[in-house]
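Here is the structure we will look at.
Labels run A, B, C and D following the written order; every chain starts at residue 1.
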Amino acid sequence: MSLGPEASVTDDKSAPDADAAEVRGPAEKAIAGRSLKQIAWRRLKRDKVAVGGAVVVLFLIVVAILAPLLTKLFGHPIDEYHIDQIDQTFGTPIKPFGGISSDFLLGVEPTSGRDVFSRILYGAQTSLTVAFLSAFVSTILGVVFGASAGYLGGWVDSVISRVMDFLLAFPQLLFSIALVSVLPYSFLGMDGRWSRIVVLVGVIGFFGWPYIGRIVRGQTLSLREREFVEAARSMGARSPRILFRELLPNLAAPILVYTTLIIPTNILTEAALSFLGVGIPPPNPSWGGMLSDAVGTYQINPTYMIIPGAMIFITVLAFNLFGDGLRDALDPKAR
Amino acid sequence: MLAYLIRRLINAVITLLVVTLVTFGIFFMVPKITGSDPALLYIGKTADAASIEGIRVKMGLNDPVLVQYGKFLQGLVAGRDYANGPDVTHCPAPCLGYSFKTEQEVTPLLLSDLPVTLSLAIGAAVLWLIMGVSTGVISALRRGSIVDRAVMTGALAGVSLPVYFTGLLSSAIFVYWLGWLPPSNYVPFLESPAEWFVQMLLPWITLAFLFAATYARLTRANMLETLGEDYIRTARAKGLGERTVIGKHALRSGLTPIVTIFGLDLGALLGGAVLTENVFNLRGLGYQALQAIRGNDLPVILGVTLIAAFFIVIANLIVDLVYGVIDPRVRLG
Amino acid sequence: MSRKTRAIAAAGVALALGLTTAACGGSKSDNKSGGSNGGKSAYNAAITDVVNPSTAKGGTLNLWSAQDADFWDPARAYYAFVWDLNRLYTRKLVDYAASPGKSGLELQPDLAQALPEISADKLTYTFKLRSGIKFDDGSPITSKDIKYGIERVWASDVISGGPVYLPTLLDPKGEYKGPYKDTDPNKLGLKSVTTPDDSTITFKLEKPSSDFLYLLAMPGSGPVPQKRDTGAQYTTSPAASGPYMFKPGSIQPGKGATFVRNPNWDQATDPIRKALPDQINFTVTTNAEDMDSRLEAGTIDLDAQQTGVQAAARTKILQDPNLKANADTPTTGFLRYAGLATSVAPLDNIECRKAVIYAADPTSLQAARGGPIAGGDIGTSMLPPNIAGSDTKYDPFNRLQGKPQLEEAKKALAACGKPTGFDVTIAVRNNKPAEVKSAEALQAALKPAGINAKIEQYDGAQQASITGSPDNVKAKGYGIMIAGWGADYPTGAGYMQPLADSRFIPENGNYNLSEIKNPAIDALFDQAQLETDPAKAAEIYNQINHKIMEGAYYLPFVVDKALNYRNPRLTNAYIHQAFGMIDFQALGVSDGK
Amino acid sequence: MSRPFLEVKDLTVRFETDDGIVQAVTESNFSLEAGKTLGIVGESGSGKSVTSLAILGLHRTRSNAKVSGEIWLDDQELVTATNDDVRALRGGKMAMIFQDPLSAMHPYFTVGAQIVEAYRVHHPGVNKKVARERAIDMLARVGIPQPARRFNDYAHQFSGGMRQRAMIAMALVNDPKLLIADEPTTALDVTVQAQILDLIRDLQEEFGSAVIMITHDLGVVAELADDVVVMYGGKIIERGPAVDLFQRPQHPYTWGLLGSMPRLDRDVRDRLTPVKGSPPSLINLPSGCAFHPRCPYAGRNGDRSFTETPVLGGGVHAVACHLPAEERTRLFQEEVAPNL
């Protein structure tokens, strides 16, 4: 909650799928013959908006992966200067609308004339890499700690729960900025871009795990009471085995949903950190960094602000749409 | 009740202690690891080893970390004395020390930034509560209608828009293209309420928009859940009119969870709306925090973190207490 | 040693001569001010002339700034604009003349009746103070107050932040520990400065220095009454000796300060300051764009920081002739450049350094700084135009043509033994966006030559221990370091000595980034101190500049400029070359409001 | 000929959901005379609760619900009546006791306040004090000790039985002529169940109300009901006087229900599956007789039960089953009854 406004997304509650237990009962029984996976898949396919979101997400992933190729085909290298595209007096692109032309599909960067198209593509690479990996980190940590807390109970649960409460009640964005800014720019022989990605993944992933952990803990607690775990236990299965053999498959749905929903939050956080100047270091492009660059010239050259802003918006929206659809389809709250 | 309150207060204090300890640890240990030296912040262009050492001694940087931390806590509780050249300056409690950069006492420095953050957070909160809750309720009541779809689409777009983009976009439009509003520059409320209002308008709307989107989704979900509750059916079965059913029974429980989230969000914001304040150049706690972080100004970073944590913890406390009042199950259960 | 002593003695005379001319120059300039274009405002008029000359008093001058003063304590301030503002409330023994152009660089007696009496060995400077000089509380300013003020410079652990030059001349062995650790009951234990009576002060230098008077013109050499010195907290309520004082309680960190008239200042004792407005408001804003729009609207008078308007306002001003007529783009006295570390291979080889300089794209570097108007002219050498000895036509690497010279770069690489190029690290402060942009531009330009640069951002606040530490530079392999430099006092030594003299390489806080250890350059600096004739001294500085460029130690980016707008109602507006910005103390407001 | 006090004709309720149309109640017909008790029996999802909600008109607030047919209460048609007219009857002439009173009572209002609210909405002129006295009086009458003090308590502070009593007090506060009790004893333990059922019977006698008792528990019906309706898959499959139905149950499903009547020696959990197999989907009802997938006798009669929907016969004791009447009698006597 305290990652500023950006983070509230994951706290959102799902709307009940059908509006009363009365109707949900038969509705669910109606399709009880199929596995949850099939049901979810069917529901998801029917949800046009979610499918749209998924298509955009896939498209962005492909674009990010193919960034080097696309740049070669339609753009210019990300660090190539085109000073001839820039009005030297004002530092802005000579051509209108941010210098958009057939040669520069999304215009050029003020001051340097670098190709915005290529930089957006590489920015997508960075953004998505950070978002996915940090979601992965959050999920791993969240599942391990959440499941341990919920399953083991006792002092383990109280310690982990306190830590989660503490992390959630913490000036997170401030701390992320501070942490990211004191960590070194290069280490382990990685260059600025990858070392920073590792740092961002670590910090964002770390602050994200309580969101997943809380949900996993809750689910584990309720699942623990269920018979099948009791049964497994009575048959002499040891704790870790119960945990992973029995609980994890049942946790898969909520974990999938919340991991999906934490990705857009991570994109926003990464962009925020880059915007505040502690993200991916130049000359490597990032959307937040481009927005921050645009601060100086946005009144006279709005294109350069709108393009990265719109990219962040579209990406986050697509992930949110898909995540919402996925949640409705799996409806982890209905269990 | 009293025992509960005391327990909660002790918890709050422990949380704050942990926050200071963690912050302190990070900002004292990390520079040690990376080899940067806070004493050098004090030095101008001409640094010589002797005066750097002098500053280290003066700042107590040569003490063990725990001693430094102890002194910091002492300052918070009882105030602290600083050698100041000709004489000793007493920094009254709660003393957060002196800024490495400007040598200003941190406590009054941050207190003077607080009104800006308060103005921003409270104004935006009022706005987003009104916007978010009303649209969320309408959306829930007209579930599936065009209004509902429009609100939910707008809300989803809203949560996908970062303030650092909407902030720039809105000032580009309203300040530079349309010229309806002046470029933001905080004017204290007491100086000119009208100007204060005009200046804060854009930051409020920008910040509120994001939260309103979240709250609309939240409210709608809560309301839908509540409307499906048995006691709402009971209320209808008693023959109550829809207005009473919705306005009294459904809102009462549908909005109760919002109180929690609202309290926590507001608490978090009071510690500094880092992004909004920086986008709109508002010199509040969030702005100060970023400046301090960029300049490695540890006492200020510590101060802001502590204040931010303080607000969050207090908000938690208040929310719990308020919840006890509005939800009888908590109060007496 | 004896040779040196004599040489400095001569330099002292030279300075004295220079100062005399300065006094004349000042008045001459005043006469001229109405001349060339009738004192009317025009684009860049304030660079050479006094715009709107007037003696009308009254009104309030509204200065805004996006940056708060670093310190109001004169001994701790280091920002150029704060030094400029400092002239409002701090008088020194000598101060810069109040006039545009070169004549502003000359020193005039201020608290002193006249320029000092310099002993035959040129090691002793004796000043006689004016009578009737008082602090804002009405107490007279004595020689002891001046000595005490100067002593505070020694207490750099408490009075940190400001320049520390005087101890190297007055206490090179570091025997004095500053007034706060002074055992003398009156805290006047500095032996090299004596005050035989309240109106006489004598300085005894360890070695002659032609720059000594410039050091006395720094804010930190102003008088401080010992009983009002609150050490580190003095910055919140400094005493005033000039025509203005801080309105009590008006200093608000991060918000601003208010200057009101000092009732105990007497115009008759002050030949430099005009003191026209009744009040001067210094307001800190967080929004530079808002400041620009207020400037254009005429509701505020001047950006006190004088670092140039933002991009949006720049466009507007340059496109609107009416606005442009009230704008100037003076050179600020700063150079932006990259130091090429001789301690980092392969830049220890001069040819490899040359390759970097040739491969760099002068235009993209200029664009990174903001272009020809907001950024500055393409830099060609290491001496900025406001300093005697500078030669803007000197362009050894043919940078003015504006294009990278790949052929030359490849030749140099071949000569260096690295025909296919090499890897190098560019170190850049993370808190200076324009420097980061410069680093990116440089990186991009070096690539075609095969020089693969990696950009490493570091915490700008820690500069002194990162690029300022030769050991660290070597360890981290920072071959190229982006930096900027402005003179603390306008002489070739004041500008270039920290950048090029091998004897100016401390463990921390080093600015000789290239670690130039060239005996010829060191010798020339010494020789300049001996030179009697300013023109000849300038010629020596010119030679040093040539030597630096021939050694390819630095890659100059731009000669810094700033596009600033001034409210048309301002009177007596002119750019003061010592600060590279409008001389605030001279300003008045024509409408008296 | 005057109508019965309550007459339900061809009542059909369907919900449109994302997963398809839920056919919750199909063409139900039954009636109830004043002062009498009707038991509606069936598993969860059989349509019994939906039927009762339809009588109260509570599907009206749900946009995806479609109700057709006729419901006559005291000579007033309710399906086509205006919202306001139905609302005026709700809680007044007809009232409902819900199952699980903890969730059916508002957690944030005191029990007393909720009763007062119910009273005042149908007695607009009455001041708070009078309403309060009435509420306390009602609490006393349903057997809540110290009613004046409990008036200010919240639902969660009551025990399960007391809570259900309070719920009943709230339903009866306006002297309803029709009282619908939806599984009033499900959430309670056996001894309390008996008390509550006694209470309802006593109060029915006192107020002279008609009662619809909805339950999956034939034991409850046996104790209270004059007539019984058995529902399965949204349809009435058997209907008749209680005595008759218990002595000569006609439908194989009813036999199953009888077989699962709660007894103290049986595990409580068994109640939930009175008949082997799971209840049918209301979206895709099995073709023909909805019960055929679970009916041990399906197929004995050719393939009719797979293709043809049995029609509820006429008469006092009606049944919807393809098995011939004699066959059913024989089966019940030979195969089912000995095991009961």
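Everything below uses one rule, namely that contacts are C-beta pairs under 8 Å (C-beta built on N, C-alpha and C of every residue); 3 or more make two chains touch, one makes a residue touch a chain.
These numbers were taken from a predicted model, which means no experiment stands behind them.
Enquirer: Which chain has its C-alpha centroid at the greatest distance from the C-alpha centroid of chain C?
Expert: Most remote chain from chain C, centroid-wise, comes out as D.
Enquirer: Using the touch rule from the top, work out which pair, A-C or B-C, shares more C-beta pairs.
Expert: Output for the comparison: B-C.
Enquirer: Rounded to the nearest whole Å, what is the centre-to-centre distance of chain A and chain C, using the mean of the C-alpha atoms as each centre?
Expert: Centres of chain A and chain C (C-alpha means) sit 48 Å apart.
Enquirer: List the centre-to-centre spacing of chain B and chain C in whole Å, with centres computed as mean CA coordinates.
Expert: Distance between chain centres: 41 Å.
Enquirer: Once you find the CA centre of chain A and the CA centre of chain B, what distance in Å lies between them?
Expert: Chain centres of chain A and chain B, defined by C-alpha means, are spaced 23 Å apart.
Enquirer: Can you compute the centre-to-centre distance for chain C and chain D, using the mean CA position of each chain? Integer Å is fine.
Expert: Centre-to-centre distance between chain C and chain D: 92 Å.
Enquirer: Pull out every residue in chain A that's touching 2 or more other chains.
Expert: 19-20, 181, 277, 299
Enquirer: Find every residue in chain B that makes contact with two or more other chains and list them.
Expert: 143, 176, 294, 296 - these are the residues of chain B that touch more than one other chain.
Enquirer: At which residue positions does chain C touch at least two other chains?
Expert: 289, 312, 430-431, 459
Enquirer: Can you check the complex and tell me which residues of chain A touch chain C?
Expert: 79-81, 83, 86, 88-92, 110-112, 181, 185-186, 191-192, 277, 281-283, 293, 296-297, 299-300
Enquirer: What residues on chain B touch chain A, complex-wise?
Expert: Touching chain A: residues 15, 18-19, 23, 26-27, 30-31, 34, 143, 156-157, 159-165, 168-169, 172, 176, 207, 210-211, 214, 217-218, 220-222, 224-225, 227-228, 261, 264-265, 267-269, 271-275, 278, 286, 289-290, 293-294, 296, 301, 304-305, 308-309, 312-313, 316 of chain B.
Enquirer: Would you tell me which residues of chain D are touching chain B in their complex?
Expert: Residue positions touching the partner: 53, 56, 58, 61, 63, 87-92, 95-96, 98, 100, 103-109, 114, 117-118, 121-122, 154, 156-157, 170.
Enquirer: For a test of understanding, state which residues of chain C touch chain B in their complex under the given definition.
Expert: Contacts found on chain C: 68, 70-71, 76, 78, 155-165, 174, 179-180, 229-233, 235, 252-255, 285-290, 293, 312, 430-431, 459-462, 464-466, 468, 488, 498, 506-509, 511.
Enquirer: Residue numbers of chain A touching chain B in their complex, please.
Expert: For chain A paired with chain B, touching residues are 1-2, 4-6, 8-9, 11-16, 19-21, 166, 169-171, 173-175, 177-179, 181-184, 264, 268, 271-272, 275-277, 288, 291-292, 294-295, 298-299, 302, 305-306, 309, 312-313, 316-317, 320-321, 324.
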